[in-house]
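Labels A, B, C, D and E are assigned to the chains in the order they are written; within every chain, residues are numbered from 1.
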Amino acid sequence: MNYIIEAFQEAWYLIIGFDRELFNVVSTSLRLSITSTFFASIIGIPAGIFIGRTNFGRKKIVNIILNTLLGLPTVVVGIFVYSLISRRGILGEYEMLFSFRGIIIGQIILIVPLITALIRNAIYSLDEKLYKTALSLGATKIQQFKLLLLEARYGIMGAVITGFGRVLGEVGISMMLGGNIKGVTRTITTAMALETNKGRFGFGLALGLILLLLAFIINIGVYSLQEGKEYEQR
Amino acid sequence: MNYIIEAFQEAWYLIIGFDRELFNVVSTSLRLSITSTFFASIIGIPAGIFIGRTNFGRKKIVNIILNTLLGLPTVVVGIFVYSLISRRGILGEYEMLFSFRGIIIGQIILIVPLITALIRNAIYSLDEKLYKTALSLGATKIQQFKLLLLEARYGIMGAVITGFGRVLGEVGISMMLGGNIKGVTRTITTAMALETNKGRFGFGLALGLILLLLAFIINIGVYSLQEGKEYEQR
Amino acid sequence: AQDRLILATTTSTENSGLLDEILPTFEEKFDVRVDVIAVGTGRAISLAENGDADIILVHARAAEDAFVEAGYGVNRRDVMYNDFVILGPADDPAGVKGMESAVAALEKIANSESNFISRGDDSGTHKKELSLWEKASVKPSGSWYMETGQGMGASINVANEKEGYILADRGTFLAYSGDIDLELLVSGDPLLFNPYGIIPVNPAYHTHVNYQKAMALVGYITSQEGQQMIYNYTKYGERLFNPSAITPENFN
Amino acid sequence: MSSDKIILKALNIKKNIKGKNILNLREFNVYEGQFNFIIGHNGSGKTTLLNILSLVDDDFSGDLIYKNQTIGPKTDKVKLRRRFSVIWQNPYFYRGSVIYNISLPLRLRGLNKNQYLKKTEEIAKRLEIENLLEQSAATLSGGEKQKVSIARALITEPEIVFVDEPTTNLDEESIEFFNSHFAELVTEEMTVVMVTHDKNQIRSLAEKITVLKKGSVQYSGPIKGLHYQNDNNYYSSKQDYRLLMKN
Amino acid sequence: MSSDKIILKALNIKKNIKGKNILNLREFNVYEGQFNFIIGHNGSGKTTLLNILSLVDDDFSGDLIYKNQTIGPKTDKVKLRRRFSVIWQNPYFYRGSVIYNISLPLRLRGLNKNQYLKKTEEIAKRLEIENLLEQSAATLSGGEKQKVSIARALITEPEIVFVDEPTTNLDEESIEFFNSHFAELVTEEMTVVMVTHDKNQIRSLAEKITVLKKGSVQYSGPIKGLHYQNDNNYYSSKQDYRLLMKN
């Protein structure tokens, strides 16, 4: 019963066997995570920068709420979105339950607070002089934003990667809103939960290893594409 | 079937009713999350600072692995730790399965990479001159470390809060290693999963609201105790 | 310290609330704390195989026999049974409402290619469903046949959302009936019989297990008192389980 | 020199931070094509004033009038800022090479690679910093930073250049180089607003001079109008004042 | 002045960054109780050398000898650093008030609140920055930062104080104040290693002088030994040299 050794063997066989079902869940997981992270970043990056930069009246309470939402459990998001998109919900007519769109909505809600909070932290730690310099160099609003993104790039990349990891590894939302339907909305994590429930721990762990391998490859890609030499230098 | 309204009502009744069972799961959740976050911080803060500060040979690969582990699914941690602490595992004799200790081990493994990575990012963004100044002011190793902690305090607080949120809201590990035993290892999230399983979405969501309320109160506490005025000023 | 007995059982048993009825008196009588781990049937059996549970209460006869055969468990006893039912949308596109034979009903569903939701999780319910398909000589496949890989309740929700048919246990159906549009269409076929067995883990194999209290639980749950509690337990105005260790005629 | 035409006028400028009055000017004029100097003690508000005049700080009360047009909420400030440049007291550099930092303002103005590289090399040659172009800006020495920041400000050939202690950190030779070449880099049409503590610079370059004290104007006008007063003035001793007036 | 006793000796110091040779000294001596000046062009390695001598940069090859003891891996460097102080070219301040920053070195040495507050007020008074004590260090003006950093370095009454362009950013009055009071703040026993570009300072304070050029020592010795050489020297013109030697 050494599940760990068993898991490595299983993972190996699954990968070299080009298992069709495995290919399916991997591609589903990837498409979902990338899409959700993309949209969550589109919301979270400007939101984080706004909170980090602007002094508005209710800032303290916004910050506390943001920190609170870091603990948003997937089940809460699941039930909440479920009650909106189920056939009896107000968005029921769009038939998003047990489909990709349903999962994506849930995952976006899950990681927008995470990405926003991490980016806010990254913005806080920048040198104030950056902003005046951008202005004096004649940057337009959009160029100021771009320069800010560039200066905060490690922090932003870190936030996006953390968000991506979170959705890639989450199971509650995919399960509740996707339904774990074989060949349709089954992801690596929901498949893993299923195998674990069946008591096939070794197989479940094998899927987990494949997921981590995947995340590893993606991170290597991110590294070499975007940061490459610079990161190394640090 | 408007679960959301129902949930608010249920949550309200549960809270004003001083439900004993509710009190139990809330206290279990809190004790677990605080303990896990505490130990994970003890590991993650020095580790993050080390990675952020030191130039060692395999740093690039360590960084990639760290980013990969941000996506560690709870199920993977669950199975992994299970295979160690199960009766047949190498740590089986300590009887940690279906107990607090089992959950805590799993949760620590879950958030150590998260806390480490976020702290590493915070350290990266500090001004290099800080270190030389500390040396020249005559700081000992420990004092250098303290000064670094002070300068990076927003980033460190952020990392710890993010880790705390993650364990407070996670369900996979608590479920697998704790067993969701009523009155013993049942947490807010596993209770929530159970209620959802029973189809009692409203009640499940009510528990979720209580969890968020709890996180909210804790965050208010953290704010006013540790950062207070300074944070406001930003 | 108080004795601890770990009972691994299926989610549907735990969700029915029956254990909350029976266990407190047992715990008091035998001065033991019963920790209920509610998981899938497969997982419950694997926990027991690993020595992480002292006793299991499950409903998957073939797997139970294999478990005992392999020497992991001893002294299996029948405890109770309930039954499966076939649920479907109110407009019943396959026209199975009121049919006596579950097999024939599945055939009609397959022929009309109406949506059918399968749990697909190797659970007792799933295994039962597969055996019914086999009897109907249908190999279900195609987009109308969806495997959820989830628990009973979640699968019923999927069926409700997709307006499909599903094989469910009566207890879970009753629990969900208030929130769904699905209707009970087929029931009563003897093939839909769903027996539960209780099996202590073999103390010869896992020497650390609490075999004494496990046997005590077997004894208690199959006693007159235990069986009557099962008989008397009702929810949603219906009896959820029928005792099978002692038939009601033999209660004193 | 040129006729006294006012290019930028500041009226009733007030700035408070946390109740503390940092700046309080009734009037301040920048004369076109001239060297307008601002002097004053440490903490007298010179940098603060420069931030306001160069349109990078808009948290103040009062009016700025550029070429007889009051700068209001509808003014295209980016357009104006692109006619200005600032050489900061403590320059900030973006992550990247010296070449990246010097060429940045040209890129923001949409010049293509050929154009901005050509101009960057040109100005680097004139400031004798060609050998630093590939280096990361963060690793420059104190004086090198200052030179790079001068290059970054002048590459856009600004209409007005605001300069805050430009020879800080520079060695003797570089200061001389700056003093002699700056007037050259700064073409006839360019207007300069310069903060300095260096008497030589004032002596050799200043046309108009303003003395700030605790946020208020002490003296403002041509350099020869600056008389020694017993009280309230910038130069603390008669000798100092004579030294300044010597030329 | 005092007898020429060497307190700190650097031998064969070499530092390379990415293959570029930043520093290459055969010998450099710091004389006890004297003003040891280091001059040289921008980028010649002065700040780099100061970092090495003050034991905050240990990424170099070569030997440092303090009071005839070679500083090796077993030396208690914290103890030595507590006898030194550094006034940086670009000072870094910790988040917090001026009072926090000035008193920090005393706190690190374990002084209690009464003690360090007393000393902080004392030194603030002497440097005329009492009114800044409660302000956040990040909001200081350029010259105010410099003064605070001087206070922070001198509060510990160090044995050797390393100073990198201390009058950068200071106004005329403050420079004069510094020049006249520094020798006063610096007691007889204190040793000073100072980098500057200010001729007045060299003239009035220097006892020993070292000229760096491209990382190597060009001249080292008493100030009167510095002769004008046609080539390879720091002062680029005869006039400059004469100006320096005038006093």
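Simple rule for what comes next: a residue touches a chain if its C-beta (ideal position, glycine included) is under 8 Å from a C-beta of that chain, and two chains touch if they have at least 3 such contacts.
Nothing here was measured: the structure is a model prediction, and the numbers come from that model.
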Path length in steps (a step moves to a chain that is touched) from chain B to chain E: 1
Path length in steps (a step moves to a chain that is touched) from chain C to chain D: 2
Separation of chain B from chain C, taking each centre as the mean of its C-alpha atoms, in whole Å: 36
Mean-CA-position distance for chain E and chain A (Å): 51
Euclidean distance of C-alpha centroids - chain C vs chain E, Å: 82
Overlap residues in chain E, where contacts from two or more other chains coincide: 90
Contacts with 2+ other chains: residues of chain B: 1, 86, 88, 127, 201
Residues within chain C bordering two or more other chains: 50, 154, 157
Chain-to-chain touches, reported pairwise for every pair that qualifies: A-B, A-C, A-D, B-C, B-E, D-E
Residues of chain C defined as touching chain A within the complex: 39-40, 42-47, 49-50, 120-122, 146-150, 154, 157-158, 160-162
Sites on chain A touched by chain D in the complex: 127, 129-130, 132-133, 135-141, 143, 147, 150-151, 153, 230
Complex interface listing, chain C residues touching chain B: 6, 11, 14-15, 35-38, 50-52, 151, 153-154, 156-157, 175-176, 179, 206, 208
In the complex, chain E residues that touch chain D: 17, 39-43, 47, 89-90, 139-144, 146-147, 164-165, 168-176, 197, 199, 235-236, 240
Chain B to chain C touching residues, read off their complex: 1, 86-88, 92, 97-98, 179-182, 184, 194, 197-199, 201
